[in-house]
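Order as written gives the chain letters A, B, C, D and E; numbering starts at 1 within each chain.
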């Protein structure tokens, strides 16, 4: 059983085999994303009640917290792929890391943006330099650094190695973001949901937030799979399987025109 | 030195360094590295003198007074041990309320904190209005029972 | 209806947040689809020229 | 097989190599004084521009002095990062360095120490002068020096990793700032925080031990990361 | 001693060579041939451990060179396209510091003697940036005289050298081989080196 599993991993770690698999998976993840987003948004706006303290403005939590969680989760996954890519020379892992970065950067930006637009009506300010906000901003810089370094190096192999190294160095920032609200007193609230304590949210609010989180997660998987397919084509363009794949497609196109 | 010995030496140095780093970090976490300062620390002299700093705590219930100009407000900030009066001229954030968390930036002047900016700090609890109302009712009942002399009721921590 | 959009006076902040999030996600999807199509076209042209030269 | 004749092996130890690395880089810096002085002048000029640009009033300047001096030190360090490995990369010395029979991370540490002695330590030594220029007082100046003494080596260590990652890369100069800046921010915040706390009569021990922790962590991790980045850069 | 197993090298999109196998024993000379861009330099750098092979491995005394870098490097001297000579330092300083870095016990006399032999007598104390291209190359070659390594990896060692220096280097290589050393090199020039065993690897002859 274990052997069989490892063979499957080995099989799909080859870009050639992963490319069609990803293609088959993408529609499913899009389907999940859309269903969950619809349910999550319905719960967020029509079912979840008004908060006793913040009134309606708390509804930003349904995108703010999922975006912030995804920003950290994506970095963690990206760094894991970076380690796999560096240590075991798995090309697909390098490609996954670079496919994850733009989406991670986007969610980091969204977490900051929605946070600012939530902070203004509740705290009375868009921005404050407390530990949580500053460390999340640093995360955005790390993502941008990763993307820039990768695009600045011409040789894809070297680019993957250098940016993977950078991603690994930047992991140190993750615990700082996560624990900042415990370690220092910040303007940012403490965690409403944590693995060690009972959630400090009404069940329906929590449900809406978790569904939105899963929706963002599915979105991430779908978009990253799409992006990694492009990256696979680009980096494997000299191989025969890509040539055949695209050669067939162009033939099909010509036939269609006739 | 053999490679193995060298590797051992590196690992030992690494572990020792990690220990030192951990000790330093723990040491730092115990002391002041905060966005704001509590009233107790301010009264103990742990706040900057003649300089702006951030004061944080809860707004004391029924301490809010508005002047006639409608802009200047007086209220008291507490950390449940000590209390400092605050004066602020300007628009308060929507979430500002008695009994709520607040972070004010300003200076001490003769025992009064003159704030130039007031930010509201909210906690991590979210619940529907009705539930909150019910909880409040329950708390009132509790307090009445307490006043009635019931010894079994555990006082709620704020 | 307008009460719903007002969101108790905080409509602006809520709708800007949700709007920007939607904008970014949709833009990302479009960008990725377009990017893949460009790459496919470029590589297909490459494949065609190679097969012709053979 | 005449193994014995040729493989007399390495006689001098790691320490000798380390010292040679230090001597080499210091000698090179002395022969290239203009480069070294440039970043020092940037430090001085940036700080000196503030009284002209912001306000000549001492009370205003005193308030921003720690931040200004720290930011200037950060900029000056960033400016000097480019030459840490670039010349060695260009003339092939870096390849030879990678082929030395010693752990590369240790050699990197020697190089970083040389860099700090040339471009970090002078900043620390100059800071009292600039502090006085901005109206800082005795005790605060002492504290500023201590924070810079703990902080500038961290800047050099992190900077080395950034410089190694961007070796031989298009637009490396701008890129190195982008990579290094996020990791510099905590050092800057804690460094200025300590001086500010000291000036206002508060406890600054926490800040200093955090700076110390940064230094220890950077000493442990960045040489390894830099060594790995250097190996990648010559590929 | 040195063994190359199933080595593959890819640069960018291009596979330079694959399935390369050979070994080298003490006293043997390996003459690496191939047209421009056939991967000679890449192969030499892979052997040194500067490049990571995409497939296969380089073994030194039976162990992968990447897992015993310090031991392997102690027995390796590499001369690449770049001289690795610091222009701001004099020829003497370059060799002295180079020796200290690689942990060799070389005396000042050794260094002066080496510079004398390589034809740089009287120029020991000039910053190398004022020297000519060929003279700079000689400074790099002087490292071979001081080296106690058993494996020499030389990438186009004869470029920029005049006839006399080419002869001298050829003799140097011969002497090293006679002592039981190993040499791997590539060149475009026709050079006459008398050695016990000469192996030839032609990268053009491999199918990639």
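As a convention for this text, a contact is a pair of C-beta atoms (placed from the backbone, for glycine too) under 8 Å apart; a residue touches a chain by one contact, two chains touch by 3 or more.
Computed from a predicted structure; not experimentally measured.
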| item | value |
| --- | --- |
| Third chains touching both subunit C and subunit A | none |
| Distance in touch steps, counted as few as possible, from subunit A out to subunit E | 1 |
| Taking each chain's C-alpha mean as its centre, the one farthest from subunit C | E |
| Comparison of A-D and D-E (more C-beta pairs in contact) | D-E |
| Chain centre separation in whole Å, for subunit C relative to subunit B (CA means) | 42 |
| Interchain centroid distance [CA atoms averaged], subunit B/subunit E, Å | 67 |
| Separation of mean Cα positions, subunit B and subunit A [Å, integer] | 33 |
| Gap in Å, rounded to a whole number, between the CA centres of subunit D and subunit C | 42 |
| Multi-chain contact sites of subunit A, meaning residues that touch two or more partners | 50, 57, 121, 154-155, 157, 237 |
| Residues of subunit D touching at least two other chains | 13, 103, 217, 235 |
| Multi-partner residues of subunit E (at least 2 other chains) | 70-71 |
| Touching residues on subunit D, where the partner in the complex is subunit A | 161, 165-166, 169-172, 175, 178-179, 181-183, 185-186, 189, 217, 221, 225, 228-229, 232-233, 235 |
| Residues of subunit A defined as touching subunit C within the complex | 45, 50, 55-57, 59-60, 63-64, 67, 102-103, 106, 109-110, 113-114, 117-118, 120-121, 219, 223, 226-227, 229-230, 233-234, 237, 242-243, 246-247, 249-250 |
| Contact footprint of subunit E on subunit A as seen in their complex | 154-157, 237-238 |
| Subunit D contact footprint on subunit A (complex, rising order) | 129, 134, 138, 141-142, 144-145, 148-149, 152-155, 157-158, 161-162, 165-166, 168-170, 172-173, 176 |
| Subunit E residues within the subunit D interface of the complex | 25-26, 48-52, 69-71, 73-76, 78, 80-89, 93, 97-98, 100-105, 127, 148-150, 179-181 |
